[in-house]
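Listed after this line are the structures, all set down as structure tokens.
Two complexes follow with subunit A in common, the first pairing it with subunit B and the second with subunit C.
== the complex of A and B ==
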């Protein structure tokens, strides 16, 4: 514990000295821009301190981040949804002469939205079912034709393209895509016992799935690496100015 | 009462579902504007749902503070972060919340200097955990595990300059893995998921799937 306290103290002292040096030498500007950079650096370092071990600095930033994110979404919801879609077309014209008549049709989603908030009422929580039913029914209705069009027909179209394309490598790839799609679908088809030909094809499906999982894993790792590089660049270039 | 509590929601889901399915196949201006209006209504209702999430989060952390659960002090920072962001957002650079959102306010400052760096760092830290988990669990014990391991290594090396330095064919092989076997498997998964989503949607529309109604009578 004492070791951790001394490490934290030294890091804080070093952080303070570096920032004071940058502020006094003009590398960091006094004002919101400089404060913003120092805040972002402090948050970044506090989060990376978790790599050493779980510690109060990380937990503080973790909770702060959750709070800021929630606050952000509340404000964005107000400015992007509730204000333009409820307040301005319905409530403002009711109480103020804006030259526009209130759009009473907006009462429907407003009431359904208020019903949704009744989820926490013990006596009236059943009213929230009407709102959920509206949203779920709407989503289901939109899902069916769009999924059939975009994710089934549009995906099948290139899968069942002519195998021979005039180019041997292209034809092999077309065949492999057809084989992959069919074998993976057969692997997930549990109404038939996976024996004999079906079993053999489903094994090929597993191989395709393994390649896809491996590729997804590699791709995700590299995406995270890219973020990591971005954060290290931020620390070394934007803050310390070590690299250009 | 049962009619209001159970039947009405099922009727609403049925009407909305059937209406939106038919709407797709009617290429008329009225049909398009119907889609636009009800989609906007859905977004409005979802906007109210943000407050359910906020209540849930604040209730959880308030209880932690009130009952002095271990680590309750950290929950104060949730309220601090949310409070300061909401205050800056409502203040709206001096224009207040009844006017349109202003640019370059302290709310934007919070977004660019707290939320964006903290979010990016949180996600970047996963690179270490994924590498650590992979090191501990990736073992080429079976053919399938070997295929997965080889594909992952090729894709990772093929995406960085050192991959091309090791072997010039690694980047094109990584691209081929992404665009042929990976795409084939993803396409099959997508088709399967879509069939599942369509089946579930039909069950919701016809009142067979009622989980969204929640428990109780």
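== the complex of A and C ==
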């Protein structure tokens, strides 16, 4: 514990000295811009301190992050949904002459929205099922045709390629695609026990899945590395000015 | 005399030279003879299709430009298409015709299109080579009309109806035969193992919901599994914590866990505060759940539902705490991360299967059996279709063509 306290103290002292130096030498402005930058750096370092171990700095930033996100979400809901879709078209024209007539159709989705909140009431929570039924019904109606189109037909279309077109490598490729699709589909059979031929084919399916997941993993890790590079650039360029 | 003769010769030479130069620079542009506009079939009534035969003077540096107007008599000042003359050929026309769909909403505004239904729009085709332009003789016109049915998606509709019928039939079948066979899913045995370990160690189990709301199938499946876990936890008298990002999922989870405790005969052990809203946004959710993992060191972590970029951070933090981790998601982009960091991972449909396996609900069992039958039909179609296509018979591939 003492070791952790001394490490934290030394880091805070070093952070303070660096920022005081930057402020006094004019590398950072005394205004809002400089203060904002120092705050951003402090928050970034506090978040990364979790890599060492859980600590009070991380806890503060974690709670700040959660709180800010909640506040942001409320503001976004008000300005992007409630104000433009309910207040302005329905409620304001009811009480004030805006030159526009109230859009009474808005009442239906508003009531459905209020019904959703009634889940908090034990007596009226059954009304929220109407809203859920509407959302699930609408969602399914939109999703199912798109699902059939994108995940069945669009996937099957290129699989129907001739197995032999005169090009041996092309034929091997087509065969591998067919084998991959069929074996993976067989792996996801739940009504048949994975034994014998079915078991053998499903093992091939697992191999295909793992190859695909490996490629996806590598691709995403590279993308995550670029996020880390972005943060490190922020610290080294925008704050310390070590790199240009 | 000699001077006059020289001047005439020079003038003739200059004229000859300039005529040759102009002959080279000014290619003769021949406009297409038959420019057509017609209502785009199978659309929502907001686009017009244009079709014209290829021109003999086409080359990569020559462009087709189409101008549109609401009235025939006013200037055509709205450019709606500009393409190289060697592109956008009509399908199955052996590059003999060009074809383009013009989205009128983009150029004339959504409100105007809706207001003036059945209005004729006029189109002028121009062949352009640098500053040299030539206009097609025909001014084509058409009026956009919406279609109630997209015939290109007829196969989509039939597949959907057949599959829905199959699902309904097999749900009824499952109601009559509740012991429908489902193969064992290895990850499910691990749940028992993980909860047993948590009990032995006297540490809590942490259930982390994915980011989607109750409308998502994966969340519904996750809630079903949560019910089973909660029941087992109540029996073992272990602590269960459930992190949520969605308020509705939170309420449903509270209900489900409460019911499970009641079923297990331990309503007194139910603590509502253990099923909590960790945060309302993705990365604050990660920070909050990671913090809980580090501080409370749960012995078993369950990640169930649909996850996004947070999956690796959560599972990596959990792995660092030494917890047994079981993940189940149908988010195929996140599966690799769970596979590498968790002890057991239920992939894709295994999540739904696990839900059906544990709950034995006819609705889920029937749906799962219907999916298996559907997959069987698709495998048969793929294998037979590919063999037939190899021999030049494209009948089955035509049935499954995406419109």
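Definition applied: the second predicted complex is superposed on the first by the 219 of 244 C-alpha atoms of A that agree within 3 Å, B and C clash if a C-alpha of one lies under 4 Å from a C-alpha of the other, contacts with A are read in each partner's own complex, and residues count from 1 in each chain.
As a working rule, contacts are C-beta pairs under 8 Å (C-beta built on N, C-alpha and C of every residue); 3 or more make two chains touch, one makes a residue touch a chain.
Not measured: the values here are computed from a predicted model.
Tell me which touches more residues of subunit A here: subunit C or subunit B.
B
Contacts for A:118 in the overlay, against subunit B (first) and subunit C (second): which applies, first, second, both or neither?
Neither partner.
Looking at A:204 after the superposition, I want to know if it touches subunit B, subunit C, both of them or none. Which is it: first, second, both, neither?
Neither: A:204 stays clear of subunit B and subunit C.
Thinking of the overlay built on chain A, is A:32 touched by subunit B (first), by subunit C (second), by both, or by neither?
first
With both complexes superposed on chain A, which partner does A:91 reach: first (subunit B), second (subunit C), both or neither?
Touch partners of A:91: none, neither subunit B nor subunit C.
Name the contact category of A:162: first (subunit B only), second (subunit C only), both, or neither.
The answer is second: A:162 touches subunit C but not subunit B.
For A:129 in the superposed arrangement: first (subunit B), second (subunit C), both or neither?
Touch status of A:129: first partner only.
Quick check on the superposed pair: does A:18 touch subunit B, subunit C, both, or neither? Answer first, second, both or neither.
A:18: touches no partner chain.
Considering only touches as defined above, state whether A:188 meets subunit B (first), subunit C (second), both or neither.
In the superposition, A:188 touches subunit B and subunit C alike.
Across the two complexes, what residues of subunit A are contacted by subunit B and by subunit C?
47, 50, 59, 61-62, 65-66, 68-70, 72-73, 116, 119-120, 132, 135-136, 139, 144-145, 148, 152, 156, 159, 178, 181-182, 185, 188, 209-210, 213-214, 216-217, 220, 224
Under the stated contact criterion, what part of subunit C meets subunit A in this complex?
Going through subunit C, the ones touching subunit A are 153, 155-157, 159-160, 163, 180-183, 185, 214-215, 248, 251, 278-281, 283-284, 287-288, 290-291, 294-295, 312, 332-333, 335-337, 339-340, 347-350, 353, 368-369, 372, 375-376, 378-379, 381-383, 385-387, 389-390, 392, 394, 396-397, 400-403.
Under the stated contact criterion, what part of subunit A meets subunit B in this complex?
Residues of subunit A touching subunit B: 32, 35-37, 39-40, 43-44, 47-48, 50-51, 56, 59-75, 77-79, 81-83, 85-87, 105-106, 108-110, 112-114, 116-117, 119-120, 125-126, 128-148, 151-152, 155-156, 159, 173, 176-185, 188, 205-222, 224-225, 227-228, 230-231, 234.
Going by the contact rule at the top, pick out the subunit A residues touching subunit C in the complex.
47, 50, 53-54, 58-59, 61-62, 65-66, 68-70, 72-73, 116, 119-120, 132, 135-136, 139, 144-145, 148-149, 152-154, 156-157, 159-164, 174, 178, 181-182, 185-186, 188-194, 209-210, 213-214, 216-217, 220, 224
Per the contact definition, I'd like the list of subunit B residues that touch subunit A in the complex.
4-6, 8-10, 12-21, 23-25, 37-55, 57, 61, 71, 74-86, 89-90, 97-98, 100-101, 107, 109-128, 130-131, 134, 143-145, 147-156, 159-160, 174, 176-178, 180-195, 197-198, 200-202, 204-205, 212-214, 216
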